[in-house]
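Heads up, the next two complexes both have chain A, just with different partners, chain B and then chain C.
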Partner chain A sequence: MKTTPDNSGDVRLSGISKTYGSFTAVHPLDLTVPEGSFFALLGASGCGKTTTLRMIAGLEEPTTGTVRLGDQDVTHLPPYKRPVNTVFQSYALFPHLDIFENVAFGLRRRGIKSVKKQVEEMLELVQLGEQARKKPHQLSGGQQQRVAVARALINHPKVLLLDEPLGALDLKLRRQMQLELKRIQTEVGITFVHVTHDQEEAMTMADTVAVMNGGRVEQLGAPADLYENPRTTFVANFLGTSNLIEAEVDTKSGEDIVLKAGGGKLVLPEARCSAPATSGGKVLVGIRPEKISLTHADDAGSIPAGRNRLTGTIADASFIGVSTQYVIDSPVCDELSVYVQNVERDGRLVPGADVVLHWSPAHTFGLDAAQDIDAGTEEEVAA
Partner chain B sequence: MPFVNWLKRHLVVIAGLLTLAYLLLPNVIVTVFSFNQPKGRFNYEWQRFSTDAWQDPCGVAGMCGSLSLSLQIALWATVGATILGTMIAFALVRYRFRARGAVSSLIFLPMAMPEVVMAASLLTLFLNMGAQLGFWTVLIAHIMFCLSFVVTAVKARVMSMDPRLEEAARDLYAGPVQTFLRVTLPIAAPGIAAGALLSFALSFDDFIITNFNAGSTVTFPMFVWGSAQRGTPVQINVIGTAMFLVAVLLVLVSMVVGNRRNKQKA
Partner chain C sequence: MSTLTEAPPPLSPTAPEKKPPRRRGRFTPYWLLLPGILWLVVFFALPMIYQASTSVQTGSLEEGYKVTWHFATYWDALSEYWPQFLRSVFYAAAATVLCLLLGYPLAYLIAFRAGRWRNLIMILVIAPFFTSFLIRTLAWKTILADNGVVVQTLGSLHVLDVTSWLGWTAGDRVLATPLAVVCGLTYNFLPFMILPLYTSLERIDGRLHEAAGDLYARPWTTFRKVTFPLSMPGVVSGTLLTFIPAAGDYVNAELLGSTDTRMIGNVIQTQFLRILDYPTAAALSFILMAAILAMVTLYIRRSGTEDLV
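And now, the complex of A and B:
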């Protein structure tokens, strides 16, 4: 994937922050994006992800800290002197220029005379060769998006910045463009830094995801790692759905922590607990809805030993097709989500039925109970 | 009731045609009377057809001189008001400064103020400053009242411009000057052009303010006013008709160009 050994496509942010008057958009933050990687900044609107991107582009001056591209300090370079290009939200195509001239813009500004061949090749790459003489407003949203990508990529930037590039597209087109962008990134091998509020988009496309909240990076890692081992309630709720149950630390046995929740006991591997677990202290026990199995209370005896168990009553069941999503009322938690694959459907699992929820302790994760348990949930983010 | 039905169906067209006739009738009269050969000094009664005036448009003493003066003033007033007004519009939209709101409303004042009041106060100002009334005082006055219109037209355009377009230009290696010339200016151009056209039209036919501040200089509208007291030469109608034709021609050309562009796009 890497073509040059000098790491000139690395992005290194050290201690950069941005304040507007008394409002801090980005708290001092350190971040390294390795050359050739597809990096996503994920967060709800107003979390500072776009500001961070604009500081890399040079469109915002950081209040503190430095931005480095490879070994070059670009903190005080204006955007037009940085080897970085941006795909803007809603594309920002020049309305008075046709598609060809939009794509040629960067080359012409750098004084390159013969642009025809390069522009035509680039338009072929994004499958818009036929549209070269049209104006931007005559193209569909997906086509405009591809023009925006072509206009940036033709300059062979060291880093390509994408600011919510798929936000304006409908769902189907968005899926298609996600794959398309991923393909282009693999093909050209340029470092991509992608800003999005869509967790699925971030997980599908990026090698590394940084989850941002309130101007800080909450957690950084590979998508699967973030999903399986969230370290904060925000990450647990923002990436997919999590059931979080408040529990009290009882004892430690070997590499496991035993917790009391309601009347029952839950086991949590110590390695998967990001909070200090002292006897008598509180911990949030997390479990993803698809990891939980549902068994009707009458068959409770058939559940293998060694699994974590909770009892409850089905409050709601919605059939999705591939799976059924249940909402369970439990003494330890009001609304537990459980997703069950529709392999063999148990006809007794209807609202009102008493059930046992059980899962492997290895799938359990533990979080610091001092946090807001609802951070990052849809209702909380929307509010 | 076939007639009533017919009327119902064509009411919009009839109303449109009547309005058009109401608007165009004065122009038709001007044109028709440019081919008149009046008896005496007044061109108010139709006598008989003649092309004398068209063959000798400058045959009246002083008229073509005043026309040329009016065109010059209109041109320079347009240039001055467009440049200043465009800069003011950009400043008002782009920069946050003290009294920005106040400046914004003050710019509108010349449009709202009765012309005759403005004319009189300008004259007072010029006299107190000891300025020589003439070409320059008229030009200064014209630039002043044209400014508001340019600012209004350009401001609307600049306000609706997506600031990301300029960021995109800077991101694509265009420095501040290039960004302005290649992106900002072309996108603001329709607003600037509208402001310039308005300025030219307003300046060319202004009478009240000009009359107060021109001293012994005579512009075309002043010449027409003056001759109306003593007798109206047919040549005035010739110039009027010519101006009307030029305007119609410009509109037609712009429509044809616009249509062709739209066809290319489709």
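And now, the complex of A and C:
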């Protein structure tokens, strides 16, 4: 089923924006989704990701800019003329048609008479062969979701658009469907553009993730790259959790920047600092909670040299099975998160204990301190 | 509408906090049913039984009527008045089709396109109810008057020539013709078509239209394959609410028609109030009821709306 790579499945958005009255849902945006890739638009609700998707689908007319599929300009084509199909949030299955007819809908509209074989194959692909004659309301959420995918995929669209397709499912089913969708995408080789607010979902499934915030793309890249090298506080906080510590630039030594934070020194590779580091300037030092090691203050001497260190007191510890999550109050920063794998648990690491946090400078990243340090955190997003 | 969403008034502080014992609540549903059942028994069931007995009585006003199980009344009534029966069904069906053709686009407009005008249009649809049925029908007498603008215009456009040839109008008159009666019926029952249509259209999830468009259905195909099938409950209830009262109506035929356009309602009315032949009138009523019931049952079976939840 794989199509030949003639780039006709590329999605090229140039300068597209959408305004409703005085509200700008999407600021002028340039984005290229290469053919055959699994692309995720990630962001909190109201960040413009769904509007962007709807502009690709043709359900929303862009205020400015163009939408191209391959070399074809589709900006002003109505949805029914675009070689694009959508899996809608809450599926929008036709309640008066059975599963077979729902899946056959697109084929029939294009005047294809013998749909039986194709529909049956597609229902097999999503493991719903038995349910063909049922009505949508007789199926479970997960099954309806698969019907929605089948209904769109059967048309062999150049691009499949998925609008929060897993939002209505419970956690376990969601994980399962993530893998399922990924499998289907690999199998059919169609470009998938997936809109989600679930950062874990975006990272598990997508080859490339675009993090959107306030109608703009904050950062775009491979999931691992975004996670390891966030360039804004929003990305650092929205994608997983980050400890952000305010620090002052002291000196530069070779490829590293040396910073002062609460009397101690922290080292940051210059390549991993997205902010201009001038001596005396402020920088936010970021470190992911799972990169930090915890050592009891009594054993501080055993910590190898060359590691970044901070001292602190355990404020809270919660055991969550594979790991233990600590909240540590340090003179430089309150409420640092540290995740420690439950391999060899040190019995002394209980709330109230004095500890040393240490990590390899290579895992440190630097951000512009002019930004809102809380951007993209859960509290901020909820508000 | 908005009053329904308002919070219930706070309980008085003296209200006992303790729940009443369960046993007392067990019969509550039946108590709540009682007023309705009483009403139906007194004003529906008893008159029906009385009518049924009347229909098999014989006698005269002077000597009084007795139940003689004279079922031949039914046969006599049917064989004498079948043309009026057929005409009633035909007029009512024509008015229902016209209501559907006029009402559907309007209901569609209100449901999907009206935006902030929605409430205003709804009020305009319901507004005629503020005037009496009789007055409204009399107004149509003026509208369709021989020297009125409507008839004059239709005449000069030669529309009346066509309708006369079809037998809907007579010469250059509209009043006292089948067309006038059907127009009156259509006008009077149009809101009963629009309201259920609007309700079922308005319930359709807008994303289904988007999904159909996304799956290569042009707007007209979307309407045929998605919107219309999903509005079937409204179409069925609208046609029933129009057809049933229209088939038994006599006001429109009385005021806008002539002796050639008498419907079964007119016959029953005359039998009851002028000729005072109660058995025939009662028999005709029952035949009409049975006929409508049979047609409605067949119609609901055929339209298969029980599938549309």
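Everything below uses one rule, namely that the second predicted complex is superposed on the first by the 380 of 383 C-alpha atoms of A that agree within 3 Å, B and C clash if a C-alpha of one lies under 4 Å from a C-alpha of the other, contacts with A are read in each partner's own complex, and residues count from 1 in each chain.
Rule of thumb we're sticking to: contacts are C-beta pairs under 8 Å (C-beta built on N, C-alpha and C of every residue); 3 or more make two chains touch, one makes a residue touch a chain.
For clarity, every value in this text was computed on a predicted model and none was experimentally measured.
Q: With chain A superposed, do chain B and chain C clash or fit?
A: Result for chain B and chain C: clash.
Q: Scan A:P95 for contacts with chain B and chain C and give back first, second, both or neither.
A: both
Q: What is the contact status of A:A57 with respect to chain B (first) and chain C (second): first, second, both, or neither?
A: both
Q: Check the residue A:Q138 against both partner chains and state whether it touches chain B (first), chain C (second), both, or neither.
A: Touch partner of A:Q138: chain B, not chain C.
Q: Which holds for A:F23: it touches chain B only (first), chain C only (second), both, or neither?
A: A:F23 contacts neither chain B nor chain C.
Q: Intersection of chain A residues contacting chain B with those contacting chain C?
A: 57-59, 78-80, 84-86, 88, 90, 92-96, 105-106, 109-110, 151-152, 155
Q: Inside the complex, what are the residues of chain A that reach chain B?
A: 57-59, 78-80, 84-86, 88-90, 92-96, 105-106, 109-110, 134-135, 138, 151-152, 155
Q: Which part of chain B faces chain A closely enough to touch in the complex?
A: Contacts found on chain B: 162, 164-165, 167-175, 178, 182-183, 186-187, 265.
Q: Hey, which residues of chain A end up touching chain C in the complex?
A: 57-59, 78-80, 84-86, 88, 90, 92-96, 105-106, 109-110, 137, 151-152, 155
Q: State the interface residues of chain C toward chain A in the complex, per the touch definition above.
A: Contacts found on chain C: 205, 207-208, 210-218, 221, 225-226, 229-230, 232, 307-309.
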